[in-house]
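Shared chain: subunit A. Partners: subunit B in the first complex, subunit C in the second.
Right after this comes the complex of A and B.
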């Protein structure tokens, strides 16, 4: 079945006013269509505008140019159809772990008891059930990150905007949560935008991987990950195609870093901005 | 109990005792008319504290003070929070805030009295002004320093802007707002007394300055002791309340910058 575009991003750009009245171009000419239920990862060097892109998709920050449409409607602000998981967690410090995870459900009118039960079920999944009554300040970075993920999953947004959600986790917990996210995604077919620095993570999870360059942030290329699903980690690791994708992306990332070092002045036109059409 | 623990527990009473002793010795040595000894002054305490009229006076002062504080909480906290989240509003109101902050509020008393008379209303208004400024200032900074992503998270859950101000900005800025309250409380006491000095009618300040007029110096000092004790008690009670309300807050790195006035 042909799936319609969930998110359509056209000629999207963002610049910031900085000291001295100058403007800093963070993103330029971003074209990207994301199908409903698609899992798309974004790879790119630090400062290339990955977070900024997610903020605009979330409707938290207005674009400077271009347009974003979600399910055919232009984005005018945040909404519960798009759930962010912020790089900085952004937990409500005055709420306990449970209070944080219940918050979105309560906000959407779910009764206290049901919200509590659903939140506890999620906390079991992220292995934090015994920390339900802790306050964020009493948690480690990795624990906060898991609460942040649970808080967003709790209110069940159709699209997840995840900004390095596994960045602060230890290797084991990361693997567990990757599998958990895959399961949730395969079951509910959410649309996911997933920012990461982990090439293997991106290949393991994604349908497509977007590689970005910096100064200004542009799409360098988009790689289709044509691996069968459901994906099992142990099988993939010994899969030739999986390994080739990882190597290809590692090379691309390497290139992007070299380009940046070689060109102190921003290039007027990106070399290979691949425009990817909806399939 | 170790010596240190004993010192810690007895620290405050010990300081008071030392101060009283120094006061006693200095007053005896100087033997000035207007400087009674500690024992003479403290001997007046029962006379004041068991006198119905004095108590009523002090009670009336406190009632006005709390009315002023309550009014300031209702007006200055929402205004400060809104300023902190709205740069345009902040740009408009900031000059006003910087200009009004250093003006001694009690000095406005004669003007306020022209409009509102010598009664309670004028005094409450002046206390309100005195408390409002630190409250406005701290609420503004607390809200401005709040991480946008907290508000974004709530917005993504479907919370609208007015609700966010109450349910996200207010609790998020609460540690700083309460610092403003503490400064405001001290300010309220000061303005309370000075307003009563200017508009003599009733109140703790009136008691104090009447005693001064009649050269009842032990009474004057007894009143000062009562006011100091009141200030201490209010601050102590407020600190307990504050810690209860913001026990969840991360300790701030720049705590030293708070609480100036």
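Right after this comes the complex of A and C.
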């Protein structure tokens, strides 16, 4: 029996007012179904609305049109079934590493002792147990992102919403964290929506890659990545099919860039102008 | 050596001010019966400090200053946080109208309502310090990174709970800056109120001394309130360092 879609996105659109009173269409006519346990990457140039799509899935930003259903229920706001991981980590700077990871559990009414034990177990898994009492500012970027991932995994969301999570890291750290994420995913098989502009990252991690166009953001095409798992980077790099996927996606992205250049340049839209969702 | 230098450098302008003032008095640039030498004022202050009655006046002033500040802190932070959330804009309109009113003009009314004792002076300190704290909290809370709140909401924190678990700690740096301004205003306000109508407190001591032309005694409360302001600022810096150990 086929699993029902974890996430169903229908005719989804987002537009907002920009300076001068005009409306900018960020996203238009997005149709996408994501199966339970599937790893889907959203690939596109900056400004194509891929982060906005993720924010709407998280319930942080309300859609202008269309609908999103998660496990058959329409999204009306944020919820612990969808855990975000942001490029900027968004850790609570006033809390220690342990305090950050305990946060979700405490908010959901888990007792202090149990929350501490579960958070410590998770920190052991991401090799940060000895940094439990550190503040985020005392950690490197890679460690901070590991803490952010642990903070989200702590409340065990069915879906992970990752917004260019490794975009702010150096190449080596990025590779390490990609491997760690794959290990976690291969163990837990959570549904993952992974926003990125890195082609090889998308191919390495995903079951499917959604390629977006810009202005307005639409789905250009969806590419199935039929590579065996567990994936090992060193093996993939010499794998013919892996290379073909990378080349195919690079070409698609190149096309998107050319199409964009043919049109008059659209006004850049700052991410921070988005209206924050309220509950 | 380096530590000594680090403490001396910020103190240098103070020492210079002291030297200029002292020489102005000693060399007769200013009439000594109008401007007493700071060394004389300091000496008088040290004489008075063990005195029970003087300490009573000092205590009264501190109660009013700190009491008023504490009330303004609790009310200002609460209102500022609430105003920062959706629908809070109306509150800020009210604040914008009330904030420019010179609060000292309300003092006669406060005396009529609350009487001559602590309450009227505390009320004036609250009225004067509330707005800097409220506005600092409001603007600080508005500037909180939305992704911090998103992370909290996704983790299962309610809208009201996140006000305390995220917005408040994230706003703390701004609140403490507001407190710094408010504490200075509180020193000025409590002193003024005591000068206008009071039977005790440092401001009252200054009025008494001025009326009988005791110039050294007149400068003692002034010196003391400036020292209090300095000490409160040091205490606040200490609190800031502790409270913001994870931030900045």
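By definition in this document, the second predicted complex is superposed on the first by the 245 of 279 C-alpha atoms of A that agree within 3 Å, B and C clash if a C-alpha of one lies under 4 Å from a C-alpha of the other, contacts with A are read in each partner's own complex, and residues count from 1 in each chain.
Basically, contacts are C-beta pairs under 8 Å (C-beta built on N, C-alpha and C of every residue); 3 or more make two chains touch, one makes a residue touch a chain.
Everything numeric here is computed off the predicted structure, so don't read it as measured data.
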Legend entry - Superposition on subunit A - do subunit B and subunit C clash or fit: clash
Inset, instruction - Once the structures are superposed on A, label A:79 by its partner contacts, choosing first (subunit B), second (subunit C), both or neither. - result: both
Inset, instruction - For A:242, select first, second, both or neither according to whether it touches subunit B, subunit C, the two together, or no partner. - result: neither
Legend entry - First, second, both or neither for A:131, with subunit B first and subunit C second: neither
Inset, instruction - Please determine whether it is subunit B or subunit C that touches the greater number of subunit A residues. - result: C
Inset, instruction - Considering only touches as defined above, state whether A:185 meets subunit B (first), subunit C (second), both or neither. - result: neither
Inset, instruction - Determine, under the contact definition given at the top, whether A:204 touches first (subunit B), second (subunit C), both, or neither. - result: neither
Inset, instruction - Would you sort A:103 into first (subunit B), second (subunit C), both or neither based on which partner it touches? - result: both
Inset, instruction - Could you pull out which residues of subunit A sit against subunit B in one structure and against subunit C in the other? - result: 55, 58, 60, 77-80, 82-84, 86, 88, 90, 92-94, 103-104, 107-108, 135-137, 151-152, 155, 157
Legend entry - Residues of subunit A touching subunit B in the complex: 55, 58, 60, 77-80, 82-84, 86, 88, 90, 92-94, 103-104, 107-108, 135-137, 151-152, 155, 157
Inset, instruction - Within their complex, state which residues of subunit C touch subunit A. - result: 85-86, 145-159, 161, 165-166, 169-170, 172, 244-247
Legend entry - Parts of subunit A lying in touch with subunit C, wherever the complex brings them together: 55, 58-60, 77-80, 82-84, 86, 88, 90, 92-96, 103-104, 107-108, 135-137, 151-152, 154-155, 157, 272, 276-279
Inset, instruction - State the interface residues of subunit B toward subunit A in the complex, per the touch definition above. - result: 147-150, 152-159, 168, 171-172, 174, 246, 248-250
